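Please go over the structures that come below.
The same chain A turns up in both complexes below, where it pairs with chain B and then with chain C.
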Partner chain A sequence: MKKRNVKFYLAIYFKIISQDIKSKLSYRVDFIISTMGILFTNIAGFITFWIIFKNFDNINDWNYYEILFLYGFSLMALTPTQCLFDNNWNLRDYVYSGDFIKYCFRPIDLYFYYISEIFDLKGIGEFMMGVGIIVYAWINLKYSVTILGILALIVMWIAASLVMAGIMNIAAATCFWMNNSGYVMVTVFKFTEYTKYPIDIFNKGFRIFFSFIIPIAFVTYYPSMVVLNSHNLPILTIIAPIFSVLFFYISYRIWMFGASRYNGTGT
Partner chain B sequence: MEIIELINVKREFKILNRREGIAGGIKDLFSRDYRYLSAVDDISLKIKKGEIVGYLGPNGAGKSTTIKMMTGILEPTSGKVLVNGKEPYRNRIENAQDIGVVFGQRSQLWWSLPLKESFKVLKEIYQVSDKDYKDMLDLYMSLIDIKNLWDKPVRQMSLGQRTLSDILAAFLHNPSVVYLDEPTIGLDVSMKSKIQEFIKGLNSQKATTIILTTHDMGDVDALCNRIVIIDKGKKLYDDNIENLHKMFGMYRIMKICFSKDVGELDYDSLKDKAAELEKELQENFSGDDMTVSVDEGWIDILMNEEDVSLMEVMNFIQSKQHIYNIKLEEISTEKVIKKIYEGGTIL
Partner chain C sequence: MKKYLVLIRTGIMDKLNFRVSLIVTFVGNIIYLITIYFLWKAIYLSSGKETVNGMTFNDTMIYLVLATALFNMMEIFLVWYMGNQVRSGKIVFDLIKPIKFGLYMFFGQLGEVVVNFVVIFLPTVVIVYIVTGGGILAGKNILLFFVAMILAFIINYCINMLVAALCLFTESSWGINIMKEVIVSVLSGKSIPLAFFPNSIKSIVELLPFQAVYNTPLTMLINNNLSVENYVKMFGMQILWLMVLLCGAVWFWKYSLRRVTINGG
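Then we have the complex of A and B:
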């Protein structure tokens, strides 16, 4: 028996995902409509944002393109949660109905097995839009393009995605303790709207809240500083990669702890 | 060789004593007032390799709890469960490698993947060698026709096809134990017998130990050489089916038809008649075990021949009403089990 290491899990993951994409693409209409749906939602959000900025030249010394950059980064950072961790949204139903038990009998990591079940392709459109916005903002900000800069951005994007996924892990895991946890996820998810704004427009209380309680500042603001404020990096930007790994691990432990507490509702 | 062993296994659940009303609800938030419910109460059991054991009991008897302990997702409060010599809840993943689980109506397969792709993923997960994988598929092909399932995504399958696929998937890595929880629930008769045959075939070829929980006595009669009955967490019966019938050897079912044409009578009037007859019989005969029920136009009288004479009962009924047809039957497994549930006595 081989040891079940990262390679083993990745192999299984790609096997499931590639098959899943193949079968999803066979439902072409469904795929096109839902992708367009997400795109329209984002375009509508973007128009609101644009109208606000037509009326103000800057917010708190942040100019239009800087805010645009945050906006684009936020879209990119939300995508992995949307694509890869979407099954968290169904967790409550599975736990409530007792169906969650069916995930407990495979000889692999329970969290991995559960999360790998669903791959949501729709988020890709959102990601593309995010990339487009960032490129556009980057050009207009007249920053130079360096390999190091792009690498730093990719590292920060991964860190941001991990924090976002971690937040949703914890929000979803509340269903192991409470019956009515649906609103927890919805509320927490609504907070992610605020990731699109620079954190210093909020007062101190909110700043602390968004940095350390529900750390959405780590989803966009601090990671983006690696580009927007590269000459004077905030300390929280520097620790963001380590913080994100740690935070995701903690969220995983909480999720698994909840699952171990759980024991079906019988049949 | 024992494959599963339960040694004085107990499992309790802590339940909050709830109060009434809103004020009570608020108090409950801070309450430490618990009571303890024994879901499984001192059960010992030994199951050998290759056995098919029917694990039966009414709803809430503790079946699921026992299965959860055997599959490693629940720890006993006291006592010990051993599967292949190890305690499953100490190492869920290691235990999971060597078991298969099927729930009648909860498919564990990937919804959008065709069956063959699901199998390939399972092959990876359980690290089945190419040769073992091929051998198992060959065995499947020899037992059942699965060609029409092969390329079908699970979501497009009928319930019967889905259940069959789940059973195929559960045996794929050749586990030493397979737990089947209501495998034939909601299936039509032909699919049921197809699945029963298939399970029997696998069991005889691979000597897989099978634990079957079900309410369908058809499954039990077709598959199990041994049954264990539990109720309220206690073991009521543990032996083979023949002995179970012998316990109730003196019980007979007399089936009576009052009409030439069975389809002529409607269910409601028959039911009234049965109730009336039961009352009369109980007044006139000493046996308190006599029950009367309706079965598709026939009236079934269950009686214990140690208490009452069959002929006397027949004469009694005939003196009141003309009997068109009469049949005598051995008590069915279903009726035996029902009596055990109702009686609650330990045999």
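Then we have the complex of A and C:
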């Protein structure tokens, strides 16, 4: 049997997603409408921001451009979850209808196979918008552009994306234990709307809640500090990369544990 | 009449079947509201002003809490349902039922909304009333609010029905649904009270049907100093849009049905 190294999985991954992309591209109208949907969401988010800042000139001493930076970063951090881990949204239906069993018979990692089945192109528009906003905010904040700064931002972006994907893994995995768990995903996903506000507006209890229980602060706030507060990095920013890997691994174990309890619908 | 009552009952039973989801939604909402609380608290503290656009922090909070509750109460997943039914082809089973599809869905959804009203909206109003020590005055406004809410529900249903009919053309229900949600939540004043909108935008938004869904009933519930003229204007707007959208939805649905092709079976 062939050895299962990273290369093996990567090769399979690209095979699977290229099939999915091909099938997606044959529905061009759907792609255009979905992309527009995502753009609409983000423009609306932007308008909300703009209206708030028309009435108030700062939130907790964070100015417009700093908050905008957080906003742009959160868009970028949500993209990988949207593009690569989108199949989590369908998990509930597969489990409910019994179709999930087909994934259990593949001789590769169950989670890997399940997730790689879908590549969601429409997230790319969101990513572009995030990059655009960050660049715009960066210029207006008059920060200097250094290679180190950009590298740090990329590392933090990967860390943030892993945390976000992990959150959705756990939320999706609840369907192995309960029916109709779509509500869990919808509820958890709603919180991501609040990733874009600075965590220091909350009191201590909620800071802990959003840092460690539903760690949305690791999706935007802590990682962004690498740029916004580079002279005085919070400790949680420094540990964010390690935290994210650990968190993602835990979410993977939870997902797999749930899947191991799955015993089909009997059809 | 009996068949409609049965549909409402089915909707209620359907909803109550998923008790855990009700609890999750409830807890989720509490956390969501706490988040809003801290956000606006920070916003008001930073501004150093008591009132902004005629709204104090308390007013804003009452408005947003009730808007969220109202939104959760009236949230219907018609477009989702439609998208799935069209894609799987099961829509034919809904269409051949001896009842108009629009009415069939309406009464089913009404049942769910009734549950939501009792489980979500009523407790929220009571809590707000207690916490603010009578921030919402109980009086004739309750009655007027009730009427406005029913009109709002029908308007909301018509908007959803119009959008759902689009699914018969494209099958791209995800994108369509999300666009609808975004437009409604921004233009209805659900995310930010309409009072905060810049004047030029506000005057346009006030002519649109979306604010009749959330802003109108809420204003009636919260604001006790409205003149008769205001009431007439607000109800007039609601009824006007209700008629326009109802006719639009009925016509568009009929038109779409003629065009629809359903795969397989």
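We adopt the following convention: the second predicted complex is superposed on the first by the 266 of 267 C-alpha atoms of A that agree within 3 Å, B and C clash if a C-alpha of one lies under 4 Å from a C-alpha of the other, contacts with A are read in each partner's own complex, and residues count from 1 in each chain.
Everything that follows uses one rule, which is that a residue touches a chain if its C-beta (ideal position, glycine included) is under 8 Å from a C-beta of that chain, and two chains touch if they have at least 3 such contacts.
Every value quoted in this text rests on a predicted model; they were computed, and no experiment measured them.
Peer 1: After lining both complexes up on chain A, report clash or fit for chain B versus chain C.
Peer 2: On the superposed model, which is not a single observed complex, chain B and chain C fit side by side.
Peer 1: Scan A:Ile16 for contacts with chain B and chain C and give back first, second, both or neither.
Peer 2: first
Peer 1: Touching A:Glu117 in the superposition: chain B (first), chain C (second), both, neither?
Peer 2: First partner only.
Peer 1: In the overlaid three-chain picture, which partner chain does A:Asn229 touch, first (chain B) or second (chain C), both, or neither?
Peer 2: A:Asn229: touches no partner chain.
Peer 1: Chain A residues in contact: does chain B have more, or chain C?
Peer 2: C
Peer 1: So in the superposed three-chain picture, is A:Lys24 touching just chain B, just chain C, both, or none of them (first/second/both/neither)?
Peer 2: A:Lys24 sits against chain B, while chain C stays out of touch.
Peer 1: So in the superposed three-chain picture, is A:Thr146 touching just chain B, just chain C, both, or none of them (first/second/both/neither)?
Peer 2: So A:Thr146 meets neither chain B nor chain C here.
Peer 1: Looking at A:Lys102, would you say it contacts chain B, chain C, both, or neither? Reply first, second, both or neither.
Peer 2: first
Peer 1: In the overlay, answer first, second, both or neither for which of chain B and chain C A:Gly37 touches.
Peer 2: second
Peer 1: In the overlay, answer first, second, both or neither for which of chain B and chain C A:Asn203 touches.
Peer 2: second
Peer 1: Would you give the minimum C-alpha distance from chain B to chain C, in Å, for the three-chain superposition?
Peer 2: Comparing every C-alpha of chain B with every C-alpha of chain C, the smallest gap is 8 Å.
Peer 1: Along chain A, where are the residues that touch chain C in the complex?
Peer 2: Its residues touching chain C are 27, 29-30, 33-38, 40-41, 44, 47-48, 51-52, 54-61, 122, 178-184, 187-188, 190-191, 194, 197, 201-203, 206.
Peer 1: Along chain B, where are the residues that touch chain A in the complex?
Peer 2: 60, 63-65, 68, 71, 73-74, 92-94, 96-97, 99-101, 103, 106-108, 110, 112-114, 117, 120-121, 124-127, 153, 181-182
Peer 1: Can you list the residues on chain C that touch chain A in the complex?
Peer 2: Touch residues, chain C against chain A: 18, 20-21, 24-25, 27-28, 31-32, 34-35, 38-39, 41-43, 45-47, 52-53, 170-172, 174-179, 182-183, 185-186, 191-192, 196-198.
Peer 1: For the complex, give me every residue of chain A touching chain B.
Peer 2: Residues 1-2, 8, 11-12, 15-16, 19-20, 23-24, 99, 101-109, 117, 263-264, 266-267.
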